[in-house]
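Each in structure tokens, the structures are laid out below.
Consider the two complexes below, in which subunit A is the common component and subunit B and subunit C are the respective partners.
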Partner chain A sequence: MIEFTLWDIVRNLALAARWTVVLSLIAFVGGGLVGLLLLVLRLSGRAPVNRVIGAYVQLFQGTPLLMQLFLLYFGIALFGIDTSAWMAAGVALTLYASAYLAEIWRGCVEAIPRGQWEASKSLALSFGQQLRHIILPQALRIAVPPTVGFLVQVIKGTALASVIGFVELTKAGGMIANVTYEPLLVYGCVALMYFVLCFPVSLYARTLERKLHVGHR
Partner chain B sequence: MKSSKRSFLAVLGCAAALALGNAHAQSALDGIVKSKTVKIGIPTDYPPYGFVGLDLKPQGLDIDVANLIASKLGAKVELVPVVSANRIPYLQTKKVDLVVSTLGKNEERAKIIDFSHAYAPFYQGVFALKETQVKAFSDLAGKTVAVTRGAMEDEMLAKVAPKETIVKRFEDQAATTAAFAAGQTQVIATSVSNIGMLSEKNPKLGVEYKLLLRDSPCFVGIAKGEDALRGRVNEILLAAKADGTLNKFAQKWLKRDAGELPL
Partner chain C sequence: MLIELDFWPVLAQWPLLLRGAGWTLVLTAIAALLGMTLGIACAWSRVNGPRVLRWGAGAYVELIRNTPFIVQLFFIFFGLPAAGIKLSPFTASVLAMVVNLGAYAAEIIRAGIEATPRGQFEAAQSLALSRMQTFLHVVLPPALKKVWPALVSQITIVMLGSAVCGQISTEELSYAANLIQSRNFRAFEAYILGTLMYLVLAIAVRRLLNWAGPRFVFGR
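This part shows the complex of A and B:
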């Protein structure tokens, strides 16, 4: 039987953590872009569009990410359409993150007093100009803490991608734990690595918040 | 909420329509011969059948069998890590051609997938610490039992254990073993070989064999209706049995003979 040293465990986990990082980045970028699009569509305010986006958000907030991954990977393949693991994970994470981000950001925009919209309109700014120069800069400041809170959740949520064959941090931890029979040590290392990934994100958020709030002190 | 339900139904409807238009695909064996690769689902958390080495590459009895089948098919093997809960969906959706993952045969599974001949022996049992009193299945009443969701022992246990048994199900063998080793459950239902390794690594734990759940050899899983592929796999396994290869694998990984393998 092979013996894993602590270095072997850490080295293998670090290699597997690459997938966790890549999956997180897909979710951040994809979810951010689609979320922003949904936000703008929703703010432009046509009732049927709003209802469709509302349903989209409800659907993806109301179902577990695990099921979304499972259905996208296995469910669609049952109908004879071949989905690769990358595509399924990318699409599922993007849909999931965009639904949450669209809702978080909508709340931030709605927190901006109505008068800001009215005042900017009275200056003859178009909808795009209102968003770009008046509303979004103010909303951004409120949006940082909840957005980062959600992104940290997403990093940890990528562990679910192991169900469709990704050997990321959590899955690699499980595999190693079952050869070494030292779950406490292995899962301890796994937890530590997640912390190493998540903490800098939170730290950066704090710096960002300080920068954005500079006018308020 | 109502509108989201409606849109969900609409999505399902579209998917069903697509499915009808896509009923006939080529056979799996043709696909393997043409692409010269065969995708095989293997376990990575179930020593000694499938586990990882220092480089996280899978190894074990199931991996040896998978490699053997691939080389006899004249194809390059692509190993896909699967767990108990997702190996059958992998087969049904043809994301893998074969599953060599300590798969036991039962009626429910035979309805949705096909099986080859058996390729290795496998025993499942109930294990607990020495001081835990388990003499018969009725003693499990009121005790917590760790088991892997969707694995054969889960189903066997449901049949023989009394209603008062507190069954804790985990997603993979790693979590099941870890829960028992950490004392989260009093009893574990798993394979004899898995426990053998656990007590080898943790002699202090004092794990003891209590009851035999079932002697259920391993079969290769094949998607329903792929008879050409099943025929080829059976030929390969019969030849490997005749020339002693299967016995060699059993000796290498299980330290015992392959014994009587059912067809």
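This part shows the complex of A and C:
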């Protein structure tokens, strides 16, 4: 029988944590792009489009991420496409992140006074120019802290990809716990590693928030 | 190639789905009650408690908020037996949900408490209320009222998160969907129905709590 030292456990978990980071980045960047598209569609505002996007957001915020993962894992296969855990997890987390980010950013855009829209319109700026030069730069300033905060939620969300067989930190933890018979130690290490990944991001989000509100105090 | 969808084999198993939804609600109800109590206790500790307690509650909140729920659940269900604490899947699920909600609720309620105007404390003091009385009767109700929407969201999030509890064979809704698809291989249909039921549950729970809050939790 092979003996596992603490170092073996930690090293293998750290190797698996890479995939947690990669998946988080894919979901965050992909979700950001799709979310931005949804935001622009929503702002250019025809009622039916708004309703569809509203339903999309409600659907992803009102159902468990785990079920979304299952649905995509089995759903993509129905179209005759060979699904891997990689693809299902990547797509599901991207869609999930896009719904949340679109909603967060919409709030930020709505926080910009209406006068800014009207003033820029009276300067004969087109919709695209209004967004690009007037609204988004101001909204961006408010949007950064909650967006960074949401990254923590994405990192934690990737843990669910373990359920459909994606070998990231949680799944690796389960496998290592099974061979070492030390579940307490292994899951403790897994939790600590997530903490090490998430806590700095949380702190950074909080710092940004404090900086943003410094003028309002 | 597109496979035709057939919902009948799944719908035929409706008692399983309903029972699953019932257990999801039971889990959520217990977790909401105990989790909010824990959250209030932690929020009190972080604001008024002695330094050790303040630090402990802070560490607990940060530790839980920065780790995934599924890892907390696995730690409790697979990890704790190694330390001699053996829990049934249901107990482990409830415990994980309570611990998880408690941390988030603590942070939300603390924000409400810190928004209490100073004059309220002074008024309570001048009426010779003890610190505990001041907290329970003067500070807490308006604080809960202020943050109730955030608490409702958090309880809904914990309910949706409970889908993970099926992974340790707690027989809630996602477990039912899993069981059905393993019987008739209609995986996509089973998960669609399961997901829609979660959506309905989420909307219903949100409505119920928004209705119940002003009536039972913080007065008018």
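By our rule, the second predicted complex is superposed on the first by the 190 of 217 C-alpha atoms of A that agree within 3 Å, B and C clash if a C-alpha of one lies under 4 Å from a C-alpha of the other, contacts with A are read in each partner's own complex, and residues count from 1 in each chain.
Quick note on the criterion: a residue touches a chain if its C-beta (ideal position, glycine included) is under 8 Å from a C-beta of that chain, and two chains touch if they have at least 3 such contacts.
Since we're looking at a predicted model, the values are computed, not measured.
Steric overlap between subunit B and subunit C is present once the structures are superposed on subunit A. Contacts of A:F199 after superposition on the shared chain: subunit C is touched, whereas subunit B is not. Judged by the touch definition given at the top, the superposed model places A:P64 against subunit C, while subunit B stays out of reach.
Of the two partner chains placed around the shared chain by superposition, neither subunit B nor subunit C is touched by A:P145.
After overlaying the two complexes on the shared chain, residue contacts for A:G80 are found with subunit B and with subunit C alike.
Contact with neither subunit B nor subunit C is seen for A:G32 once the two complexes are overlaid on the shared chain.
In the superposed model, A:L15 makes contact with subunit B only, not with subunit C.
Once the two complexes are laid over each other on the shared chain, residue contacts for A:T170 go to subunit C alone; subunit B is not touched. For subunit C, the stretch among 20-28, 74-82, 110-118 or 128-136 that collides with subunit B in the superposed model is 74-82. Shared contact residues of subunit A with subunit B and subunit C: 58-59, 62, 70, 74-75, 78-80, 163, 174, 177, 182-184, 187.
In the complex of the two chains, the subunit A residues touching subunit B come out as 1-2, 4, 8, 12, 15-16, 51-52, 54-56, 58-59, 62, 70, 73-81, 163-165, 167, 171-172, 174-184, 187. Note for the complex: subunit C touches subunit A at residues 1-3, 62-63, 65-72, 74-75, 78-83, 156, 160-164, 167, 174, 177, 181, 187-188, 191-192, 194-195, 198-199, 202-203. Those residues of subunit B that touch subunit A in the complex are listed here as 1, 3-4, 7-8, 15-16, 18-19, 22-23, 25, 44-47, 51-56, 80-82, 85-86, 89-90, 92-95, 172-175, 177-178, 181-182, 197-198, 200-202.
Every residue of subunit A that touches subunit C in the complex is listed here, in rising order: 58-59, 62-68, 70-71, 74-75, 78-80, 152, 156-157, 159-160, 162-163, 170, 173-174, 177, 182-188, 190-191, 194-195, 198-199, 202.
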